[in-house]
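Shared chain: subunit A. Partners: subunit B in the first complex, subunit C in the second.
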Partner chain A sequence: MKALLNIAVLSLTGALGLVLAWSILDLPASAVRLPEQVTAQLDMSGVAHPVTAVLLNFRGYDTLLEIAVLLLALLGMLALPRQASGSKPRPVPASPMLQTLARLLTPLMVLVAGYVLWAGAHRPGGAFQAGAVLAGAGVLLHLAGLLPAWATPGRALRAGLATGLLVFIAVAATLMTQGTLLQYPPGWAGALILVIEASLTLSLGLILAGLYLVLADSKVQA
Partner chain B sequence: MNAPLIYALTGAALFVFGVTGLMLQAHLLRKILAFNVMGSGIFLVLVGLAQRTGIPDPVPQAMVLTGIVVAIAATALALALARQLLDQSGEMRLPEEEAGKDKLDV
Partner chain C sequence: MFDPIPWLILSPLIWATLAFVQGPGRGGRLAVAGVALQLALAATLAQQIIAGGARVYAVGGWGAPLGIDLAADGLSAVMLLLTQAVALPLAFYARAYFAAHAAPLRYFWPLTGYLLAAMNALFLSADVFNIYVTLELLGLAAVGLVAVAGGAGPVSAAMRYLLATLLGSGAYLLGVALLYGVYGSVSLAALAPLIAADAPTAVSLAAALMLLGLMLKTALFPFHFWLPPAHGNAPAPVSALLSALVIKASFYLILRLWFDLFAPIASVTAAQFLGALGAGAVIWGSLLALRQTHLKMLVAYSTVAQVGYLFLIFPLATGAAAEVAASAWQGGALQAVAHGLAKAAMFAAAGAMIAATGRDEIAGLAGVATRLPLTLFTFVLAGMTIMGLPPSGGFSAKWLLLGAALASGQWWWIVVMLAGGLLSAAYVFKVLRQAFLPAEEAAHFKPLPRTLEWPAFLLALASLLLGLWASEMLNLLGAA
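So, the complex of A and B:
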């Protein structure tokens, strides 16, 4: 019975793969030339890198919804009933080597995050990459036993988690009074994008680290 | 056959592997991993197809960047839910799955 099911599933997915490959090979050229449109509008976007321009300007509402989804995922994890282990330290203390390394690396990682955020305006980089580096620093600190897991985030932490979304919504709402959602006035675009990206970096770092640190707090059941 | 098409076809293959794993593996951790393999395949198709004209298209690249971050959030939420199921039922599998066949049982 199980073998029959396996054969059925494998032949179905095999057929799916063939159809997908055929449709990729048979795909007609796109009628809309998006790269040219982005290049043509790049000067008005306030940044010099096309991907950042698309993320924060041309399709800014995607990014607005994305940070909302991230916050929602973390809230969902916090809402689950958990058997909190309390803030007791990790059972096995980390080696002094790892702790020293984590203490040395964390300031450097904050510096790298700041650089990546700033570089996003004109080369690959931006808020998401910078937030990921910040979150990596948080996870490293936790693994080295220097940062406790999150049982319930306090007031300051909650404010930090929500900053990115709130600043983004505030900018969007202010611009709504001018007419269109997230259509930056010319001349202000670069500064507004930097403000949004800086607050996004902070919140993303905290949220992504939180996704790990909240899970790390639940007690493993034997 | 140029490089962008090879990326896109590899992405399609990854997607199919992911679908197969999602259907055949009972262990929830494996299902979550299979779902991530599916997602990576889709990202590869998007980025691969976006540059088949020779000029990289920044719009799909930005979409993939968004997608990666959302996939991380979804994975973390799925892991938390799986942990919850493990705490409550003691099993890392959905109730509908046949019990006692998976060697990876926690």
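So, the complex of A and C:
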């Protein structure tokens, strides 16, 4: 019975894959040419890199909701009732070698995150990548026994997690006094995008680190 | 002129995030204030649409296809009003429920806020990719809410729900990618004329994937497997939100896609197929509701059945004369609203009965009629809409659908609707019969705070009065 089901599922997904492949090979030329429009409006966007222009300006509203999705993912994990943390609030202390390395690397990683954030304006980079580097530093510190897990984040940590979204919403809403939601006034776009990206870097770093550190210590009740 | 469109999305985002910063168990007052504000905003938007027609709002000032457009017409306004009108009484109800229950509240309020933000954003979106983002926000918030009670049942139901909803979003996103591949745009306004002009096979494939994904999220038979455990195991305010509103969001998208975007390639055969699935849902869901021994599972299976009626729109309105199509369309929209109000009331009343008797079994309801008359009356009123008795909103909805079926000569849907009506009467009376039995000697009834009974009653009353206000609602629905 199970083998039959497996075969059925396999042949269905196989057929879907074939149909997909066949229809993708047959695609006509697009009627709308968005990349050209992005290039044409790039000077107005406040940044020089098309990806950042799309993420923070042209389709900034999508990004705003996506930040909420990321925060919500962490919130969903925090909302699960969990057992009181056991006798091991901290991981087993790592070797002095790893601790020294973590102490050396963390400031460097913060520096790299800062650079990646800044570079986003004109080359690949930006808040998501910078936040990921920061989160990596957080995980490294935890593995080296220098940072406890976050079973129940305190108010300061929660504020840090929410800062990026709140700053993003505050900027978007303030701009409505001049135009529509998230409509940057000419000349201000670059500076405002940097403000948003800087706060996003902090919050994304905390959120991504949280996805690891919240689970590191506690068992979800099942 | 003040524009409520962006604030309908920002308000819940802001209060949800502030409630999160406040901490576990906090944020109830913020939520009540925020939802009350949103109800006023939705009413303002509805008035503006009646006066001035449909609206488009260009986020960032770019305009589609480079930027993202928001759009609001009569249908979006109806859904926005329904969402806030259901959420406000439920916010009061939830405060009383968690206070009386000592159930772990934890992050209920922020999750609810993001849920409402996602729904408002979804009803206002005019961009297929942006809709995907709102679907993800909606799905994650709903899954988090199901799991909020903890324990084996809710957590495994939440995991099953998570897998179903992710599979649904995945199929939808695949469709969006195909559409972008063919036309180079994700804006509904830009895509509609392009699809009407020329639709290669890839577009039919995209349509099938998107609709299948959304059907899974709407829990249309036979994709309903995840709904009863998720809605039956969640705390009552959560069940009410999910059953009344969340499945309507993905249904709203199916309506939009079918009748706006994919109208040029929508075939009568496919419409009959959707109707057949709806008929299967009506019969199968009602039969299973009748067999349940637990109150909330019965109400959850009733949702499976009532969703089926919504899908009768497609065979009745596709390829039919304009008048018949309008009647089917209005009946379907009315059914979505009537069921939203009634099902929220029903789950809230069920939660109150369970809180008072301390038991979830239908067998434990004896004596409810004398001890909780208001809550039982709420259940009866909501049941009238579910059964489709006059003068409820459910009656007007089913009347319009029946009229459309008669006028188009599709008698087989009439049989389904009548059978569904009889079966739903059977499962509603199954609960009432038990409630009217004298209380057992040993039965102990916990006194309930008034805020646990009145919000549900108001919702049930609204579902009944909807039958009398139907012309106002249809007027708003028709504003374009």
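General remarks:
Simple rule for what comes next: the second predicted complex is superposed on the first by the 210 of 222 C-alpha atoms of A that agree within 3 Å, B and C clash if a C-alpha of one lies under 4 Å from a C-alpha of the other, contacts with A are read in each partner's own complex, and residues count from 1 in each chain.
In the analysis below, a contact is a pair of C-beta atoms (placed from the backbone, for glycine too) under 8 Å apart; a residue touches a chain by one contact, two chains touch by 3 or more.
Computed from a prediction, not measured in an experiment: that's the story for all the values here.
Once chain A of one complex is fitted onto chain A of the other, the partner contacts of A:211 are limited to subunit B, with no touch recorded for subunit C. Touch criterion met: A:20 reaches subunit B and subunit C at once.
Once the two complexes are laid over each other on the shared chain, residue contacts for A:183 go to subunit C alone; subunit B is not touched. By the touch criterion stated above, A:62 is placed in contact with subunit B and with subunit C alike. Once the two complexes are laid over each other on the shared chain, residue contacts for A:76 go to subunit B and to subunit C alike. Look at A:128: by the touch rule set out above, it reaches subunit B but stays clear of subunit C.
When the two complexes are overlaid on their common chain A, residue A:41 makes contact with subunit C while staying clear of subunit B. When the shared chain is aligned, no partner comes close enough to touch A:171: not subunit B, not subunit C.
Shared contact residues on subunit A (touching subunit B in one structure, subunit C in the other): 20, 24, 27, 30, 34, 38, 58-59, 62, 66, 69, 72-73, 76, 80-81, 221.
Only residues 2, 6, 9-10, 13-14, 16-17, 20-21, 24-25, 27, 29-30, 34-35, 38, 50-51, 53-55, 58-59, 62-63, 66, 69-70, 72-74, 76-77, 80-81, 83, 128, 204, 207-208, 211-212, 214-215, 218, 221 of subunit A touch subunit B when the two sit together in their complex.
Subunit A meets subunit C in the complex at residues 19-20, 23-24, 26-28, 30-34, 37-38, 41, 57-62, 65-66, 68-69, 71-73, 75-76, 78-81, 152, 155, 158-159, 161-162, 165-166, 169, 172-173, 176, 179-184, 220-222. Those residues of subunit C lying in contact with subunit A across their complex are 6, 10, 13-14, 17, 20-21, 23-24, 57-62, 65-68, 104, 106-108, 110-111, 114, 117, 121, 129-130, 133-134, 136-137, 140-141, 143-145, 147-152, 155-156, 174, 178, 181-185, 190, 194, 198, 200-202, 205. Only residues 5, 8-9, 12-13, 15-16, 19-20, 23-24, 45, 49, 53, 55-59, 61-63, 65-66, 69-70, 72-74, 76-77, 79-81, 83-84, 86-87, 90, 101 of subunit B touch subunit A when the two sit together in their complex.
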